[in-house]
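Both complexes shown next keep subunit A, but they swap its partner, so subunit B is in the first and subunit C is in the second.
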Partner chain A sequence: MWLYFAKRTILAVAIIAIAVTLLFLMIMAVPGDPAVVMLGPRATLEMKEQLHQQMGLDKPLVVQIGTFFGGLLRGDLGFDVFSRRPVADIVFEQLPYTIELILVSILWAVVIAVPLGCFSAMRRNTLVDHVVGVVTVATIAIPSFVMAVYAVLIFAVSLRWLPAIGVGNGFWDGLTYLVLPAFAIGIGWVGYISRLVRASMLEILGENHVRTARSFGISEWRIVARYALPLAILPTVTILGIGVAWLLSSAVFIEVVFARPGIGALIVNAVNTRNYPVVMGVVLVSTVIIVTATTLSDLVNAFLDPRTREKL
Partner chain B sequence: MNYYQDGVSRRTFLKTTSVFGGGIVAAGMPLSSAIWAAEGKVLTAASTNDISKMDPQFYTAVSEVSVMECLYSKLTRFKPGSEWGWELEAAEKLEQVDPTHIRFRLKKGIKFTGDYGELTAGDVKFSFERGIKHKSPVKDNWGSLDHVEIEDDYTGVIVLKTPFMPLFNIAFPYAVGHIVSEDAVMKATKDGGDFGMNPPSFSGPYVLAEYKPNQHLLLTRNPDWAGSKPGFDEIRVVLIGDTKTAERAYQAGDIDFTGITLDSLAKFKSNPPADTKIEEHPSLNYHWIGMNVDHPKLKDINVRKAIQWAINVPQILEAAFAGQAEVATGTIPPGLLGHRDKALVPPEGDLAKAKEFLEKAGVSELNLTIDCLNESLFSTIAQTVQAQLSQIGITVEINAQDAGSFWTLGMESEGDRWKDMQLTVMWFSNLPDPYYATSSFLQSRVGVWNWERFRSERFDELSAKGATMSDPNERAKVYQEMQDLMEESGAYRFLTHGGNPVMYRTTHTQAVTRPDGYPLYVDFKAV
Partner chain C sequence: MVSFEADTPEINDAIDTGAFGAFLRQLCKNRLGTLGGVLVVLIAAIAVLAPLIVTHDPIQIMVGPRLAAPSLDFLLGTDQLGRDTFSRVIMGGRIPLLVAFASLGGALAVGVVLGLIAGFGPRWLDNLLLLIFDTIRSFPSIIFALAIIALLGPSLVNIILVIAITCMPGYARVARTQAQALQSSEYIAAERSMGAGTTRILAVHVLPNVIGPLVILVSMDVPAVIATSAGLSFLGMGVRPPTPDWGAILNDGYSYINQTPWIVIAGGIPIILATLGFTFLGEALRDMFDPKLRKDL
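Then we have the complex of A and B:
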């Protein structure tokens, strides 16, 4: 297990380094001078040169990459070109909001989807199973930002039950502000996870150890909860790891629609203004989150199923 | 099957991670957020632009200036209403001694917070000169400012290198004109440079009580403020990057004042939210179709005039601005000195006349390109122009580009792409003085921001004259003639200034704005 852990960690660090280098090169390959976009039509040559110096754009690309990684090793992600604040401060200030949004979204989705998937599997090919199937597939098909807009129009604008924007103050108030965005992100995952659990469950329920359990007269719910679900949940754990990338991209839209702080809203603003140090900082942190999440899901899988450790 | 590993069961593991995950969620909640004031008159307004500077000499957007106006004093301020003009604020008197000397006398008793004492002429000198000293990106707002001479604690003389009238419209009543405390800024920054979002002291009716990036700014009353009491005890400026989101937040009752998109304007006008007033204001920005006069295909003025006359501006505004923007007559918007009542070419154009010009040029089949930003507004304008020019036999190919690529297209310093540039869908932002609406088109700006490569000795002469004239009527005539010259060159087809419509809840406030719709929060009245 420890050897597997070490291998996965080295691989994760390598992936992060490659991803960040590629991103750096992609940003530099975009045509046009970022200083021009940032300073606008009234920029003088002197002002452009000054900004080039501030951003390090006057140096060769190799030096820029070297400087970036050198700073990274010291925990320095550079400075925001506009506010002159450290990028690390800005990113880590916004990150908790995105993490809480993602965790709450996935948490409620799992809580609803896993029992729903089990229920569908137990009522296979009944009317209930078909209805659940149609509804869950529909939720997968609707993009989260469409769901978000309609959720705001119905629950915030028409009914005025919930706030339309912001994050609120304090724990309980904050929860009310999380309901709509977490609903918009999580609803698609309810469909996705429930279909996945149903499919795995059907496979497991047909296996020998389940049939043996039935022959002992153990109740169907107990069989599902005790003997089938722990195995059927494995693909879901894997998917959740990979799903962090999807959740982060959903958060970009959701944070804009709900005017929530977070790294999604931050990167939209930074890309629009060509604030490259912030773009790099956000992407670096997002990459670390995604790679960490997939690594963790692999480690959890390896922990739960020792056969997977042999595969790396 | 063995579900146990190293003494930790899978079940225990899953339980532990669930609890841990829940803990992280709880920890991420904004427990530390300031609690909004529970009492008092509170205004909640949306800012649809980010706010990243509270240092007047380094401002980046007009939305920042709307907040600065609450925090600092300045010699003069913009008058609310539909006509651009200024009135005295911290200055008791402001007089032009001669074309390069302006004497000011400050009102007594304006205090800085934090025991930084009274606002003095020394603070004015420090505030005005530091933008130039620290090479601020907006130092050109100061035009030809040389230095400020202090006569006594309350009196000083602003000395210019050359006469520069825009100082009265841009510098004094706007962003860079805000006065900061020399002692406070020196203490906070050591060198007097950019203090970003951390103002060390305030001299306006409000103080910045809290700033949360990407969330809000909270302004509370300045206890040391001796001037007239503003309408609200507290102003919450909520940062909402997307205007459509702000509209929904307004409808949900979360905010009391917001800008609205032109797309939504018709809907809100016909079916306004309850207790809401909608106001339409022309923006200072200007949009136009530019033609590169140095390109072989557009060198003949008759071809350019044919294009001018073939373009039907109201049709473009209908398609791209949801029919909610007014036709522009030039680069200077209504309400600003130098605005023309009408353009030389009528907004609808005239296809017959366009064809005549084309015949005069001896051109029968013409293929042109039009460059634009890859945003729906600009693409729609380009597509409408494409359809309109096809009616006189001109085929247009559209090149939509990313901002970084587009905004360097006509710059000689960025390569040779300007040589192939033909038609462009252009827009510039602007400041409330005609000098700024015309200075990009000087001969010295050819290949910089003058992408049409329009050259006129007379235009340059008038620009120099306009910057120094003090008689508003005479000055207006100069800028009107300059716009005539631009249009007569055939290189420009002026489209619109766009619009900045706003809406606010009349049961809560009486909003007050500048002529371009940006809020003057200090003047908002509580209802």
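Then we have the complex of A and C:
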């Protein structure tokens, strides 16, 4: 277990290091001078040179990569010349909004998917099971931004039940602003989770301790809720790690649609203004989050299922 | 195609319809697969025949009043510039389908080659390629795409490139696993003992075995690619206006969602139908050919 733990962690660090280098080389490989792109065609020679010095572009490539890595280790993601603030400050200021959104989306997904999964497992191969199956596949297929736009159209524009734009003031008000965006992300995950719960539920419902519980005359719902569900939900916990990448990608669209702050909205703005340092900062932070999440879920998996340890 | 003549007419009949006929018959047994297939064929046909179907020039402004509701003249109403939404939606399917076709084709080609190299090459190369695949997979796809678009600028080619890069590692990994499994099989050893070179073994014996499962994987990725393509143009990072594209139409409509629901409805429904159609078809294909496929990933 410890050997696996060490290997997996080293792999994660290596992936992050390669990712950073790739990103850095990508910026360098772009045709043209980043300073010219940022300043526009009417920049004077002095302005360009000043920006070069500020960004460290006048030094050799190896020195630049070295400085970049050195800065990263100190938590320095570079400097945003537009707002004259460190990139790390900007990104970490926005990150809590995205994390909050993602957590509430997971909650939505679990609240809808787990009962659906249990229900189809209990009514296996009936019409209800098939209908749930089709609906869950559909939720996987429909893109989150289409779901978001239609959620706004139905619940905010037509019915006027929930606010759509912004984040609101205070905790409770803020929560009402989270309902729709989190739903639009969470619904896309209902399919995966309910299928997973259904499959593991079916496995567990066929086991001996469930048969014993049935022979005691305990009701089916109680068996599912008390004895089977705690076991059936385990695989869901481990795929949450893999799902983080997907959730972050959806968050980009959702933050734009609902005009919420967050790292998704931040990167879209930065792309539109060609603010490379901020773009790279967001990519780096989100890559680190994803690598950490997948590594953690692999470790949890390895802890629960020793067979997976040999694969690395 | 090889054809055989048999004595009994029934067998001849079965041979004549060929593999494709058998495939269609099996697909028809799966109701959702049939629905998916019909949707996919319909959407593809509309995209190909689009110039014949449109009722107005999709980029001509002020062919009608602004933000009009659907009528006989304008089947899905008009947008904020008085363009015919129906014609824009019909033409707008071409971009996502083109993106899906080009990017997945490119990803498949590069992925297979790199996967075979990793599977049959020396150990160090295998490890290096695996590390690169895992690195690319660890980037959040949309955020990575946005970063590349920030660097290269928004254009159709760049979107195809970005999607191909993010899809490639998945295919390369499957190709590698399959190739490694085949490497130790007896018939490859036999071929090698007869003096066949690695290139011949890979091209003649390994490739046909690897490509089948990959085609199913690719077909299952089509809905995600259509979603990404439409999503990027929804964010304004796709084809430049006034080129019609479902994502861009949805975005236009979203700006005027308080005035009229019709543009949003017209822009979103085709995206939903396309992703649903390809998903149902892809799942049916997977169930038909290899139910355990996804577990490799």
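Keep in mind that, in the parts below, the second predicted complex is superposed on the first by the 263 of 312 C-alpha atoms of A that agree within 3 Å, B and C clash if a C-alpha of one lies under 4 Å from a C-alpha of the other, contacts with A are read in each partner's own complex, and residues count from 1 in each chain.
By definition in this document, a residue touches a chain if its C-beta (ideal position, glycine included) is under 8 Å from a C-beta of that chain, and two chains touch if they have at least 3 such contacts.
Predicted, not measured: the structure shown is a model, and the values here were computed from it.
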Assess the superposed three-chain arrangement around subunit A: do subunit B and subunit C clash, or do they fit? clash
Which partner, subunit B or subunit C, touches the larger number of subunit A residues? B
In the superposed arrangement, does A:Val256 touch subunit B (first), subunit C (second), both or neither? both
Once the shared chain is lined up, is A:Met280 touching subunit B (first), subunit C (second), both, or neither of them? second
Subunit B versus subunit C as contact partner of A:Phe303, first or second or both or neither: first
Is A:Ile18 touching anything from subunit B or subunit C once the two structures are fitted on A? First, second, both or neither. second
With the two complexes superposed on chain A, say which partner A:Thr294 touches: subunit B (first), subunit C (second), both, or neither. second
In the superposed arrangement, does A:Val87 touch subunit B (first), subunit C (second), both or neither? neither
Counting only touches as set out at the top, which of subunit B and subunit C does A:Ala141 meet: first, second, both, neither? second
Contact-wise, after the overlay, does A:Ala113 reach subunit B, subunit C, both or neither (first, second, both, neither)? neither
I'd like to know which partner A:Leu248 touches here: subunit B for first, subunit C for second, both or neither. second
Thinking only about the overlay and not a real complex, which stretch of subunit C clashes with subunit B: 6-14, 60-68 or 114-122? 60-68
Jot down the residues of subunit A that show up as touching in both complexes, subunit B in one and subunit C in the other. 30, 149, 152-153, 157, 256-257, 268, 274
Which subunit C residues qualify as touching subunit A in the complex? 32, 131-132, 134-135, 138-144, 146-152, 223, 227, 230-231, 234-237, 250, 253-254, 257-258, 261, 264-265, 268, 271-272, 275-276, 278-280, 283
Which residues of subunit A touch subunit C once you look at their complex with the stated criterion? 11, 14-16, 18-19, 22-23, 26-27, 30, 134, 137-138, 140-143, 145-146, 149-150, 152-153, 157-158, 245, 248-249, 252-253, 256-257, 264, 267-268, 270-272, 274, 276, 279-280, 282-283, 286-287, 290-291, 294
Along subunit A, where are the residues that touch subunit B in the complex? 1, 30-34, 36-37, 39-47, 50-51, 80, 82-85, 90, 93-94, 96-97, 99-100, 103-104, 107, 149, 152-153, 156-157, 160, 163-171, 174-175, 209, 230, 256-259, 261-262, 265-266, 268-269, 273-274, 300, 303-304, 306
As the complex stands, subunit B meets subunit A at residues 1, 3, 5-6, 10-11, 13, 21-22, 24-31, 33-36, 50, 52-53, 60, 135, 137, 140, 194, 196-197, 212-216, 238-242, 245-246, 248-249, 251-255, 402-408, 411, 413-414, 428-429, 436, 440, 449
